[in-house]
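In what follows, chain A forms one complex with chain B and a second complex with chain C.
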Partner chain A sequence: MDDSLTARREERMKRLLLATAIVAAALMNSSSFAATELTMWYHGAGGDAGLNPEERNGVLSVIDEFNSSQSDWVVKLESFPRAVYNDSVTAAALAGNLPDILDVDGPNMPNWAWSGYMQPLPLTDEDIANFLPGPIGKWQGKLYSIGLWDSAVAIFARKSILDEFGIRIPTLDQPWTGDEFNAALESLKASGKFEYPIDMGTAWTGEWYPYAFSPFLQSFGGDIVDRTTYKTAQNVLNGPEAIAFGEWWQNLFTSKLAPGTSQDPGDRATGFIEGKYALSWNGNWQALPAVEKFGDDLLFLPAPDFGHGSKIGAASWQFGISSTSKHPDGAAAFIKFAIQDKFLVRFSDLGGFIPARKTAAEQSVNYKPGAPLEVFFGLSEKQGFVRPVTPGYVVDARVFEKAVADIANGADVVDTLDAAADEIDADIERNNGYGF
Partner chain B sequence: MAGSVFIARRAGTAWSYALLILVALIFLIPIVFMVMSSFKPDQQLLSDSGSIRAFLPVGDLSLQNYVGAFERVPVALFVFNSVFVTAVTVVLSLLVCSLAGFSLAFLNWFGRDTVLAVIIATLIVPFETIAIPLLLMVAKLPWISTHGFEVGWLNTYHVQIIPWVADGLTVFLFVQYFRDLPRDLLEAARIDGASWWQVYRMVIMPLSGPVLATAAILKCLAMYNQYLWPLMVTQAEAYRPLMVGLQYFFQLNIAWGQVMAYLCIVSVPIIVLYLVLQRAFITSIASTGIKG
Partner chain C sequence: MNDLKRHSAQFRANGAGWLMASPAILLILIFLIVPFVLAFGLSFTNQRLLSPNPTEFVGMRNFEQLLGMGVLKLEPLPAPDEQVEGSDPEYPPLRNFTRNNPDYPHLNGMREWFSIPWGQDRVFVLAQDVLFIKALVNTVLFVAIVAPLQGGLALLLALMINQKLPGINIFRTIYFLPVVISIVVVSLLFRFIYDGNNGLLNTLLGYASFGAFKPVDWLGRTDTALAAIIGASIWQAVGFHMVIWLSGLQTIPVSLYEAADIDGATHLQKFRYVTWPGLRNTAVLILIVITIQAFSVFAQINLMTRGGPLDSTQTLVFQVVARGYEKQDIAGGSAISVLMFVFVLCISLAQRYLTRSKD
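Now for the complex of A and B:
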């Protein structure tokens, strides 16, 4: 009797232990061994992503490969419309709800780092060796973000047209001088063959203005803000060089050399291809349709040199880690994974982006030696000039945009630039110098 | 004599109709532009916009913009989100605000007039001034869901609903309407032994069709057009409403045709709602003096 009771107890104990083991194993399986989720925010909702629909597909493919390449982390993407992305990040930062991985427009990064939205990115110099300068997002000596691609602007032109009017074809080593550029525009205008000699893209608003037009100001010798101190815009945004830029800029529109700020967006998209404009100041992301249309006749010319070198904007969208991420090691692992050459090549081949690393450019369809867009890599490398690296840039950019639009619309150059410089200074003062 | 009076009357009527047609056109022309543009490719839409062609179904017409809009944006999800949030908020708002209005109009309690004054005073506070404090608050509020106890309401439906259930304008509408109802009805019900809840449910609410319709439409419009608040509290696409979805089209090259197609789709539910409630809405406007 006792034996049978003891046997039953032992049996019950065995079953209990077995059940406990199964439950424990299940718990271990679902907690300790489960991949940790990393949230990632990206500005590409709506398919277009501001540059090319393939950009979003590229991001999704990198995430898929990262998730299947290891079992520690799972990246989950949340996409936002480009137009409201920055506002969404700001609101989320206020609410303490930032994701692990953020994408950030290069010139906005210092503001986000200064505001405490981002933390330094633990990548080594070796990880980012051979990168173009634009995609490297550094502020106060620390790396905060890194881009998989860069963008560049060039003058789209047709060799047959330049030859017809006896205009020299400029090169990276010998770009047009300001006088040569102006003379070329006048020749093209005098021909009467085009609605306008050049399309500057004034139909595009927002960041395009400081990205595309501030390099002209810098080539004249001015700037948006004094980069030696980052504490004032006086004498750089309203100094003699800046006034010379403003007068040149205004003349483009008063002399009907370029369409003004009321330009039809449709003309911006197709005007050069349709022959309405002889030249177009445009980005590499718009280059492939022009290549298809004009083939070998198409030229991508460097920015003119107005006295202080040929300059174009640099730095596009980049990835970084939010300050509130509980898994910065996982976020860094993803970003390090994403900057492999094979992905930089994939982005480039999919959407025509400039690969961030030279070794990737050499493997890409569009940027390898002899390829149709090769010149853009050289432009980025030699002429790329990042916008002012300061948290105040987000305000500076809007002030600059308004000033150049006003000048294009006929506002007094000196008064407009003085007002813009004062506004930027007032913002810097309100923010106690932004830490400079 | 009679003939000249007849002619004068006819002329007056003709002038009235002419004026009414003119006013109607002012409201109809943008809608006609939107509908016509939604069938045109961008290039044609922009070139037509400077002429009468913008309002005519001419040129290269197709449904391509609608196809593009559905490809670019999860339209069905956003329509569901907006309709769901709007419907639940309107129902809860009518209940809560009518109860508040009933109490403020009929019950005698200490501080009633002061409370009503404070509620009306909230009408002059723009939402933008309280948006950030409200965001900070809802980010820390507790909630019990199917996942258990949670802290923070962000990325949910209820964060888009609860802050909007009670509002000063709706309470004020009910108070005004209730005060105009004959008090004899209420007193007769009380003498017959009805509780306050029974008076509210069985006497007052059956008489409140017009104000319910007005409050529902005004609330519905406000909720359906919500933009800033959902933008701040819905980082997950799964919870975004229609108006935030509109931003999907504003890329470097704006797809204007798709914008117009999307706006046509967005407008349908609200036009249907208005047509259903039109009679009650006009009756209520006539009786309360609210001009919408």
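Now for the complex of A and C:
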């Protein structure tokens, strides 16, 4: 009896000692790390088919090198699936739970800055010298986000096919005019050799629509919203230029020059390579498979000029600092570290992205002079045009997407554009002008 | 004394009951009652999903925006001289009247919903929010087709599998299987089935007609998209209601059928005078449940057409999500939810009244 009591007491004593030791060890452990932890959120978790896996590897390698290069900060990455990333940030902002470093899609940045999720990024003009315009995220004169890469869109074409039909090969300095482009489509269609002369990528619903199609509208002389005031869309989204755009756009589909909104996503992925489509309006991130298939025969042609210059979309995912970060200096140090040329080159070589800085492009495998994708850097530099820089863009983009889809499906052009302009104006009014 | 004991015992029993019910009550409160009260309140404000601006009370403005309607009668434009006999007359463009026309302030910002001929003239019915009206019409159409068709089909299946045959359980399982599959999976499967080029449906119809059938882009055409979604929805949900019918069928005493047999009743007579009266309460339940479920159709729309083509598959709940979340207009989305609640309530009450027992 007595024995078992002592044994029990000893057991209890042992446990207490063990617990004390664990607590002590934990305390010592945390105090022995001088570095402060910075959290970073990123949109590339899981097997996202639309996302290049090398992008995530690149981000991880930059973080590793940053953490081992100094002892003040430790960046910890948390990844979210792209489809829920923006929602996660919104939820975290409402709950007061934002990370230090945020990953943000370029056109969404003004909305987040206006809503108070982000704080200005303390980088000097020198830090971002020689940058393409797209990756520089400025709103109301302040820098909020910076991108390590940009994306660009071009008309994928084959030299042999253009030569066969006697179509002039356009250059960056002399792109096709709108009439030339339309004539090219008509003669490709008349040949009967293709299911459709051009593939616009209508299967890619979502941000592709405003990103890829609003530059046509801007080349016609219209826009999604009036950029001089950002207070109305009247006369820019439904003015005579926009109506001309809408009629041209509708004709692409009614005349069977391009597959409509019910295009099979599989055809979008492989239709050009399989020869179903003669041309494809497509992004640089889809270029490498086409290069492999067609080699020197493949051409990346600049956007046609419908009267107000050739335009393509600019700005991809970028990094910024959240408004609630307790260590903005650490976050800024990381971002400044990440935009070194060597990382821009690494991203580009790994995943085929367009390096954000000219000096990096010159060292990259795919974009250096003479390299297969070099032309995209020139396209970004010369034709890149950011989407409207306003907090209202997140709504404007959805309104524009629906309008161009409806017009493609045969809706009345003028009525549809009128309704879209009204909806954007109503949204701006409900938001008291979005701070403009 | 005894009385008091019983009271406290009853209290203890009730307390235990409340305790056991409390998790469910709490969940219902948090996820049903509170959101509903919030939505009701927010529908009278200009609340945004995220915005630094303060929320303001706007009264009935959201509802006026949704329900605003107008009518405009237009005379045809004077016919040009060379106009061919019998061709349609031209009317002046509506935007001349609905956009900043000081003579027609009540029509400002409205769009054409539909128009009907009126002698030489044409009457245009305009709506402030055509999208909402179209979503409402589509939803009502969806309910009006799905409720009888799905209920009837489920009854047919239930009658077929309510027989004592060897292996009947296999059929029960097969018919019930789609209910277990998530509607998300069903929607994606049906997207392949309805594919315009080489989908299963087009291929089958092609074989069945020896190649005479021309492939149809089922989800890409305004005249087939809603019907295609209705078909997929019924296929997915019919098994669930079949099981409810089945349980109703099995409550009907066998002795009634035996008596009918003795009287020499035919199969049809047995169904009309024994089965159907016995299923009365089940029928009321199924009708109301399908109506409420069909009103909230969303996942199929979101995954198969996203409201297109040309708004032919817009529905109320899809608009609630599109506005409240994608366009960050929580107040607008809430207003639609509140209107929807009123519609469903009215319809359910009407159904209750029409199917009340007459005695």
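Assume the second predicted complex is superposed on the first by the 399 of 436 C-alpha atoms of A that agree within 3 Å, B and C clash if a C-alpha of one lies under 4 Å from a C-alpha of the other, contacts with A are read in each partner's own complex, and residues count from 1 in each chain.
We take it that contacts are C-beta pairs under 8 Å (C-beta built on N, C-alpha and C of every residue); 3 or more make two chains touch, one makes a residue touch a chain.
Computed from a prediction, not measured in an experiment: that's the story for all the values here.
Asker: Is the arrangement of chain B and chain C around the shared chain A a clash or a fit after superposition?
Answerer: clash
Asker: Can A:Leu94 be said to touch chain B (first), chain C (second), both, or neither?
Answerer: A:Leu94 sits against chain B and chain C alike.
Asker: Contacts for A:Asp264 in the overlay, against chain B (first) and chain C (second): which applies, first, second, both or neither?
Answerer: both
Asker: Of the partners chain B and chain C, which touch A:Val395 in the superposed model: first, second, both, neither?
Answerer: So A:Val395 only meets chain C here.
Asker: Identify the partner contact of A:Gly116: answer first if only chain B is touched, second if only chain C is, both if each is, neither if none is.
Answerer: second
Asker: Should A:Asp422 be classified as contacting the first partner (chain B), the second (chain C), both, or neither?
Answerer: Once the two structures are laid over each other on A, A:Asp422 reaches chain C alone.
Asker: A:Ala242 in the overlay: touching chain B, chain C, both, or neither? Say first, second, both or neither.
Answerer: After superposing on A, A:Ala242 lies clear of both chain B and chain C.
Asker: Is A:Trp208 touching anything from chain B or chain C once the two structures are fitted on A? First, second, both or neither.
Answerer: A:Trp208: touches chain B, not chain C.
Asker: Choose the clashing stretch of chain B with respect to chain C from the list 37-45, 55-63, 73-81 or 91-99.
Answerer: Only one listed stretch clashes with chain C, namely 91-99.
Asker: On chain A, which stretch or stretches are contacted by chain B in one complex as well as by chain C in the other?
Answerer: After superposing on chain A, chain A residues 94, 264 contact both chain B and chain C.
Asker: Residues of chain B touching chain A in their complex?
Answerer: The contact residues of chain B facing chain A are 42-43, 46-47, 71-73, 132, 135-136, 138-139, 152, 154, 231-233, 235-237, 244-245, 247-256.
Asker: What does chain C use to touch chain A in their complex?
Answerer: Residues of chain C touching chain A: 46, 48-53, 93-95, 99, 109, 111-112, 130, 195-197, 217, 219-220, 222, 306, 308-311, 322, 326-329.
Asker: Please output the residues of chain A touching chain B within their complex, sorted ascending.
Answerer: On the chain A side, the touching residues are 41, 45-51, 78-84, 87-88, 91-92, 94-97, 99, 204, 208, 264-266, 269-270.
Asker: Can you check the complex and tell me which residues of chain A touch chain C?
Answerer: Residue positions touching the partner: 90, 93-94, 114-116, 205, 260-262, 264, 394-395, 398-399, 405-406, 409-411, 414-415, 418-419, 422, 427, 430-432, 435.
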